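Input: structures, listed below.
Each of the next two complexes has chain A plus one more chain, namely chain B in the first and chain C in the second.
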Partner chain A sequence: MLALVALVALPPLLPKYHLEVLISIVFWAYLGIAWNILGGYAGQFSFGHAAYFGIGAYASTLLLLRAGLSPWLGMVLGGALAAAFGLFQGYLSFRYGLKGPYFSLVTLAFAEMLRVVAVNTKAVGSSLGLVVPTTQEAARLFIFAGKLPYYYIILVMGALALALTWKIERSRLGFSLAAVRENEDAAETAGVDALGTKLRAMALSSFLTALGGTFYAQYFAYIDPTITFGPSVSIGALLPAIVGGAGTVLGPVLGSFVLTPLSELTRSALRGRAGADIMLYGAVLVLVISFLPQGIMGFVRERRMRGRA
Partner chain B sequence: MTWGLLLQAVVSGLLLGGVYGLVACGLSLIFGVLRIINFAHGAVMMLAMYATYWLFVLAGVDPYLSIVLTAPLFFLLGAVIQKVVIEPNRAAAEHNQLLLTLGLALFFENLALVLWQGDFRTVKVWYSGASFMMGDALVEVPRLVASGGAVLMALGLFAFLRLTDVGKALRALAEEPEGAALVGINVARIRAASFGLGSACVAVAGALITPFFYVAPDVAESFNIMAFVVVVLGGMGSFLGALAGGFIVGLAESLGAAFLPGSLKLLVVFLIFVLVLLFRPQGLFGGARGR
Partner chain C sequence: MSLLEIRGLSKRFGGLLAVSNFDLGVEAGEIVGLIGPNGAGKTTVFHLIAGFHSPTSGEIRFKGASVIGAKPHVICRLGLTRTFQIVQPFAGLSVIENVMVGAFNRERDARAARQAAAEIVDFVGLGPRRDAPARSLTLSDRKRLEIARGLATRPDMLLLDEAMSGLNPTEIDEIVKLIRAIHARGVSLLIIEHVMQAIMALSHRLVVLHHGEKLAEGAPAEVARDRRVIEAYLGEEA
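Right, the complex of A and B next:
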């Protein structure tokens, strides 16, 4: 509760750099929350969430540039488009029984395909990418002068996504998801529609991820195929969830609060050494899987259970 | 003109295919024994290419000759990765093992970026530019050596798996892990050997291509994905399938490059990948052994 008050009240007092770091923390937490619905709750480890992210970023930006449509609307349309793509991809994969690592590989391949298409399509700016015009501040067009409005936008997005996860966990869908994740065959025998359950998680997860893509485009005012469709977004989305605890409501948030400052610190400590932060992520991932296989939340839960016994 | 183009594309594809085949054989070997999709395979290859590069630059060792050093070195590296990182997590869920190798890949790739930056480095040896004409097609000698050498190495490994005791133990473990343990095979040691052999494969492949291919951290990613495509195509865990898949993917890539603009050739490769995964997960040549 205290943390929540701090997140709402403190930021106006923060210097610019710290505000940027905080935006980054909440942004990656948000993507982690979105990934967690499919990866954590449904147990389908996507390595290609960049596909939905990129669709969202490109859809809203292209609609703004070509049709003058407000990114607020474009965001929703992009989300719907990403969900449709996710459903198509999910239907193909789940229908043909792709599981575990095979599903991961297919999602990775789809994201890479979109990247290659974007790089080679002049109409979407090819590898040069697209610039979002930010000449004048216009709330209607999702353009603000300072960083603070962006912070509150991503904070609200994160809070809503978190509330949605919390709600799902306690709903019928949540129980179906847990059943499918733990043992798909048994779930089917018990009357759970496994395909429908996984597709629902896929649609929600891809929709939310695409909204994150639009936020990114408006906040940084520039997108290109490698940034949006490249593997770093896919990894950035799964990492907070895994480290914090996949399949738990607060896991991705915890994960991002640990990982993002860590990467910011390494980046500023090793100025000019590109890659140091991702190298650290790799090491953290190996260590977390080895010593906290259920993430931070899993570790906390286990301690609590042991304490009770 | 178009015939010349086609012939050239076929020749380039075949010359690429052998190397893809060897890289994929390594991945397939690791998968066959450990049931792990090794995401760090490309990263290990990239490290091997740097090893070849530095041996050449600092000590003047010819890339082909350096195999004598790098192959055992990377066998050791692979065995250590298995022993220290993966073996302790054998009981972990399947996706956690995948994440483990993903973590290793991120670590190695960015370690290279931190140590040697992202610039492209090349090894210029006296035979780098050697070539001859075969009909209308240009054949570059280093590419021919790489493809031929890779096929020889793959076949050698195949013979090793068939004829030696260690090879037989490896195959036993791939087919019947519990049975293998029951008949007294030291399974942990064999698992380490399989990761080592898989890594030695990419060390050889990496050394063979450095005379004509740039060395940079991002080589890891492109070869990684290519190896997945090849292995899936040839059938997970199938050795000769991987070799054949290498040639198919090599051909698909170079034909795609000849007839599609830009980097759209990759789209062809990914499309094959997704289609095979969806409709023939046991690979093109696999029987009922699909998963």
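Right, the complex of A and C next:
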């Protein structure tokens, strides 16, 4: 509760650099929350969420540049497009029983495919990418002068996504997702439509991820194929969830609050030694995954459950 | 019209005819035992009825409607579900959460599902373990959980695949009592079992499967006297 008040009240007082880090934390937490619905709750380990992220970023930006459509609207359209793409991809994979690492590889392949297509398509700016015009501040066009409005936008997006996850977890869908994750055959005998459940998770997860893509485009005012469709977004979306606790409501948030500052710190501390920050970051990840395989929240939940057993 | 009607059911896996021209009817309110030596095709019959395999040929009707090609969850919602010989709990979920997954078939609302699940958890005798993670249960409790999850879908017919295997005599007696209580709730049962004493005592009718074919069918006492059955099955142990 105190943390929540702090998140809402403190940022106006922060210096610019700290505000940027905070935006980064909330942004990666948001993507983690979106990934968590499919990867954590449904147990379908996507390695290619960049596909939906990129679709969202490109859809809203192209609609703005070519048709003058407000990114607020483009955001929703991009989300719908990403969900449609996710459903197509999910149907193909799940219909033919792709599970575990095979599903991960397919998602990775789809994201890479979109990246290559974007690089080679002049109409979407090829490898040069697209610049979002920011000459004048216009709330209607999702363009603001300072960083603060962006912070509150991503904070609200994160809070809504979190509330959605919380609601899902307690609903019939949440139980279906957990059942499918734990054991698909047993889920089916208990009356759970495994395919339908996974597709629902896919649609929600890809939709939310695409909204994050639009936010990114508006915040940084520049996108290119590597930034948006590249593997770093896919990894950035899954890491907070896994480190914080996949399949838990708060996991991705905790994960991002640990990982994002860590990556910022290692980067600034080891400035000048190229790659050293990534090595340190990697070492911390290895430690977390070997000692907390269920993530931070998973560890807490396990202890609590064992207490009752 | 029988509750479950199977006509001319066959299933071929490559060169192996696992089930061959099998007929079976189960009436509402009946307990039917399906027995036979290992590899006779009993579990394959369960897989076919519950929708995990499609038959090579033949017809399966539940409440008069064909269920060929229907997925297990559709068949479950029609009122027929099964347990697995090798128990398959949702290991990461608690006992009550496992059962709630089944209860959500009839209850949309989480609170109602929890209530219905709690009643069934108590009914199968897992009340004291309600909030324990499923992975911490003993085999005997896992077998109960498997039954509870099936019951929570409120089936008209339950297929039990070796609910007693691996249990000690005391635990077997408890499962026999539980099966009787389930029957008393108005659920018809088709049971695969190797514990002969239990299946003889429980079943109204026994069906013997051997090499995928029906060898004999009738009242338990009759079947136990059948020479072919003794040779094929009981004879192995005598």
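Just so we're on the same page, the second predicted complex is superposed on the first by the 292 of 309 C-alpha atoms of A that agree within 3 Å, B and C clash if a C-alpha of one lies under 4 Å from a C-alpha of the other, contacts with A are read in each partner's own complex, and residues count from 1 in each chain.
The rule is short, and it goes like this: contacts are C-beta pairs under 8 Å (C-beta built on N, C-alpha and C of every residue); 3 or more make two chains touch, one makes a residue touch a chain.
In this text the structure is predicted, and so the values were computed from the model without any measurement.
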item: Chain B versus chain C as contact partner of A:113, first or second or both or neither; value: first
item: More chain A residues in contact - chain B or chain C; value: B
item: Touching partner for A:183 - first (chain B), second (chain C), both, neither; value: second
item: First (chain B), second (chain C), both or neither touched by A:171; value: second
item: Touching partner for A:282 - first (chain B), second (chain C), both, neither; value: first
item: First (chain B), second (chain C), both or neither touched by A:7; value: neither
item: First, second, both or neither for A:274, with chain B first and chain C second; value: first
item: Partner chain in contact with A:221 - chain B first, chain C second, else both or neither; value: neither
item: Touching both chain C and chain B, counted on chain A across the two superposed complexes; value: none
item: Of chain B, residues touching chain A in the complex; value: 37, 85, 88-89, 92-96, 98-100, 102-114, 117-118, 217, 221, 225, 228, 232, 261-264, 266-267, 270-271, 273-274, 277-279, 281, 291
item: Residues of chain A touching chain B in the complex; value: 43, 45, 47, 92-93, 96-98, 100-102, 104-106, 108-110, 112-113, 116-117, 119-120, 231, 235, 242, 270, 273-276, 278-279, 281-286, 289-290, 293
item: Complex interface listing, chain C residues touching chain A; value: 50-52, 71-73, 76-77, 81-84, 88-94, 97, 100-102, 104-105, 108, 110, 113, 129, 131-133, 136, 149-150, 152-153
item: Residue ranges of chain A touching chain C (in the complex, touch as defined); value: 170-172, 175-176, 178-179, 181-183, 185-194, 305-306, 308-309
